[in-house]
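What follows is a set of structures to go through.
Each of the next two complexes has chain A plus one other chain: chain B in the first, chain C in the second.
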Partner chain A sequence: MSDLIGYLITGLGIGAGFALVASGLVAIYRVTRVVNFAQGGFAVLAALLTSTLLAAGLPHGVAELGGVALGALAGLIVGVVAIGRPGTSPGTSLIVTLGLGVLAYAVEVLIWGDQPRSFPGLTGVAEVAGARLPAHYLLILAVTAPVFALMAWFFARTDLGRALTACASNRYAAQVVGIDVRRMGLLAFTIGGALGGLAGVLTTPVQQVTFDSDVTLIVNGFAAAVLGGLTRPMIALAGGLLLGVTQTLVAGYGGGAYQMEVALVLMLTVMIVQAARTGPVPETAR
Partner chain B sequence: MTVELTVDKVSRAFGGVYAVRDVSLTVPAGELRAVIGPNGAGKSTLFALIGGQLAADTGTVALDGIRVERRPAHRRGIGVVFQTARVFHGMTAFENVMVGAHAVTRAGFLAAALRLPRHHRDERRIREKALTCLDRVGLADWADRPAEELPLGQQRSLQLARALCGEPRLLLLDEPASGLRAAEREHLATLITRLRTEGLTILLVEHDVAFVMRLADRITVLDLGRVIADGTPAEVRANPEVRTAYLGPETVRPSEPHPGVEGVAG
Partner chain C sequence: MSGPVPPARGRGGTVNRWAIAVVAVLTLALPPLLPERHLATFVLLLLAATVTVGVSLLMGYAGQVSLGQASFYAIGAYAAALPAVHGVPSLLGLALAPVAAAVAAVLLGAPLLRLRGHHLAFATLAVQLILLSLLAQADWAGGAIGLQGIPRLTVLGVELRDLGYAYAAWLVLAAALLIARNIVDSRPGRALRAAATSETAAAASGVAIGRHRLAVFTLSAAMAGLAGGVYAFYLGYLSPGSFPVLLSIEFVVMAVVGGLGTIAGPVVGATVIILLVQVLNTLGTQPGMPDYAPSVLSYAVYAVLLIVCVLYLPRGLVPALRRTGRRPS
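So, the complex of A and B:
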């Protein structure tokens, strides 16, 4: 029993990372209709910078914020390159993000090398209902929950949030109302970058990071985001947590080698069931 | 707040066919101008050229003498109400109108993120303003309904409330009365008259000629992309060229709107 609780909390912690990456994808896709394949790269960049800042003697908190800020900046840069030119189609922008993701590999290897890096997070062991697990997993959850609450508040209760939602609903009308759609797209990319960066700095203490860690993050994050049609952040959150828990359970009770495959098959099953129930996904108007 | 609109020799062609050709018109500040014409006359294209949804091939559009034809739509300060429903789905009617205030809200990302007092003040102001605008178009009772669930007529009124919330200098109304019931139409006519009395410059496209004759200060008649008449309602009614354009020398044109050039802005 205590094993199960341990796996569940660990899984939620891992899943929170996927969920943050997924919500970044959703934030960007809703406003710009671009699937940002550089999303995992934000996490890697943020984690690598944080490891350097900590090694340079900066205190915890400051170093992590620095990492998240770099994620946001990287998001903005990717946004400028991918959607900065008016009239770029979402398909073209998608390829641009893919290219930038590969370019990021080169930059990361040049600066940080190709060896795994990590940094200590919250040290110590926590005991929850008899299960002993690294306390850092609880920190991940304690940070992720308010971040999602803040996002919900931001999108519903602020002028900028409503403007972003309006762009997501109808770009044409949004422009007529006086919203700078391109600027909103860049803001979405920046938010997506910060969320990706946060995923990176939160999960690195328990997972290590290498330049190509983004693959795991983007595959899982994308699966979680697709669950909600790439447009519903709360379903992406649920999807991310579900993926994390499933993977941890598979690794804990079965074999660690297949955890990702099992989780993705599960996700596929959920999507097939969902599609069978609701019919084909309607083509969204641009 | 209100402005004079000057359109000078504006043309726009689609695949070699002119939808609007050398159209010039001046609407003095505070005037309610109607644009009428048969289907395919270029009314909606002209609207899109003024509103910024389409770029003109040649010609200029100016507000109080300042040229705006190269500005993107969101920087022209023009409120637009489309004939087709263009409300934001997934938001309530109230939230739709609140989005309209974006054009005149300058609270940045940081103010909101840090929950500065300024953000609270702005939010309160936006809410009050949105409620007032919603009330003006008679939709106060619908405030918390999802926008896409409103009947088409109400969705158009909602667009009007949303446009008003952005404090436009010029208002473009594309067939605001179509599909409305008689009582709703009366209410809309009263509202438009009141907006004009308040000094807002309004440009109105409408198929209902009786509605137009009653409301407009002046009427511009388009046919085949050109201005064929311009004058007071009485002058336009008496103009033989207008009668020919509407009724045709031999055949009667269909009176219902159809997709095509007209549908570009819709």
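So, the complex of A and C:
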């Protein structure tokens, strides 16, 4: 029983990381219709910078904020390149973000090398209902929950958030009432970058990061986001947590080797079922 | 993509035919003149071009991005190598490579090709990750350590040496190009091009889109599988690490840089990129350069070429060159 609780909380912690990556994907996709392949790269960049800042003697908190800020900046840069040129179609933008993801490899290897890195998070062991687990997992959950609450408030209650939501639901109408759709797209990319960065900063103390960890992150994030059709952040949160818990349970009770396949097969099944239900995806007007 | 690219048709048939003949003769005469180190680049270039022909068909004519083409390359390689390791004649193993890849493509394509755009891109990526993970755990295929001691390819009792592989790869690429050319000019080719422009319009005109799309997917997989077979015998060693996700992305970069929906595009794209990476590799391994320089440079080349081509030369190098060539100077 205490094993189960331990696996559940560990899984939620890992899943929170996926959920943050997924919500970044959703934030960007809703506004711009671009699936941002570089989303995992934000997490890696933020985590690597945080490890450097901590090693340089900056206190916890400041270093992590620096990492998230770099994620946001990287998000803005990706946004400028991917949607900055007028008339770039979402499909083209996807390929551009793919290229930017590879470019991030060059930058990361150049600055930080190709060896795995980590940094200490919240040290110590927590005891929950008889299960002993690293306390850092609780910290991940304690940060992720308010972030999602804040996002829900931001998108529903603030003018800026409402403008973003307006772009998401109808670009043309948003333009007509005077919202700068391109600027909103760039803002969405910046938010997505910050969320990706937060995921990297939070999960690196329990999972080492290398320059190519972004593939795992983006695939799991996409799997979580695709549950809600890439447009609903709360379903992405649920999807991420579900993926994390399932993977930890599979690793804990089954063989540890097959946890990646769980996410992948789930993602394929969801997409195929969705496609079968809606029929061929409607063509976008050109 | 900003709509599929209308394929550039060969203009001035005789000029084209002469150009092809000259390129063919030159590439056939080249291998004996190359030092061993460059011969390896030559072989790998031809194999990469073969896979890219398939990727270009898929992207240019079926309008779909596959981020998992290296999985068919891997399936072909393992399908050729595994029987050969157990004593089956190597030529039979090579013949098995495209068949295995094609069968895998039919089985995977039936459910996956319902997906479009970014969904298909992620699905193919997922398939490759699953395949790599399964291969790493399959002890009968060498596991994560890899499959060693693959015999060399034997044709009519003669064991192929390095030069032989250069010509084998040349034949494989020539076959892929010939097939691609004939597909493009055929009725299914025209149907596919119609489907890539507007699926609804094509379907309304009676094009069996699903079947055609699966056919191209299977064909592109078979090309990748055949190239993988030659690769396995040439290197004599395979491991899951030989087929990273980045390799699939590289094939996409080559296809995009060369020009989607052209016959010469994949060859030009693969040549430009592999030669550029090779030059930078030589620079990066100069004394005094840090040991991470080659990988940093090659990542940067792939990334920058992909981004610049997609944004500024969306039709790729070959159509762009053709346009400037026709401009009165």
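Criterion: the second predicted complex is superposed on the first by the 264 of 286 C-alpha atoms of A that agree within 3 Å, B and C clash if a C-alpha of one lies under 4 Å from a C-alpha of the other, contacts with A are read in each partner's own complex, and residues count from 1 in each chain.
Following the convention adopted for this analysis, a contact is a pair of C-beta atoms (placed from the backbone, for glycine too) under 8 Å apart; a residue touches a chain by one contact, two chains touch by 3 or more.
Nothing here was measured: the structure is a model prediction, and the numbers come from that model.
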item: Touching partner for A:Met260 - first (chain B), second (chain C), both, neither; value: second
item: Between chain B and chain C, more extensive residue contact with chain A; value: C
item: Partner chain(s) touched by A:Ala149 [first = chain B, second = chain C, both, neither]; value: neither
item: First (chain B), second (chain C), both or neither touched by A:Gly161; value: first
item: Partner chain in contact with A:Arg85 - chain B first, chain C second, else both or neither; value: second
item: First, second, both or neither for A:Asn170, with chain B first and chain C second; value: first
item: Touched partner set for A:Ala275, first chain B, second chain C, both or neither; value: second
item: Which superposed partner A:Leu94 touches (first chain B, second chain C, both, neither); value: second
item: Contacts on chain A seen with chain B and repeated with chain C across the two complexes; value: none
item: For the chain A and chain B complex, residues of the former touching the latter; value: 154, 156-163, 165-166, 168-170, 172-181, 187
item: Chain B to chain A touching residues, read off their complex; value: 51, 53, 72-75, 77, 80, 82, 86-91, 95, 98-105, 107-109, 112-113, 119, 122-123, 126, 162-163, 166
item: List of chain A residues in touch with chain C within their complex; value: 35, 81, 85, 87-89, 91-92, 94-96, 98-103, 105-106, 109-110, 113-114, 212, 215, 219, 222, 226, 257-258, 260-261, 264-265, 267-268, 271-272, 275-276, 280-281, 283, 286
item: Chain A-facing residues of chain C, complex; value: 1-3, 65, 67, 111-112, 114-119, 121-123, 125-127, 129-130, 133-134, 137, 198-200, 245-246, 249, 252-253, 256, 292, 295-297, 299-300, 302-304, 306-307, 310-311, 314
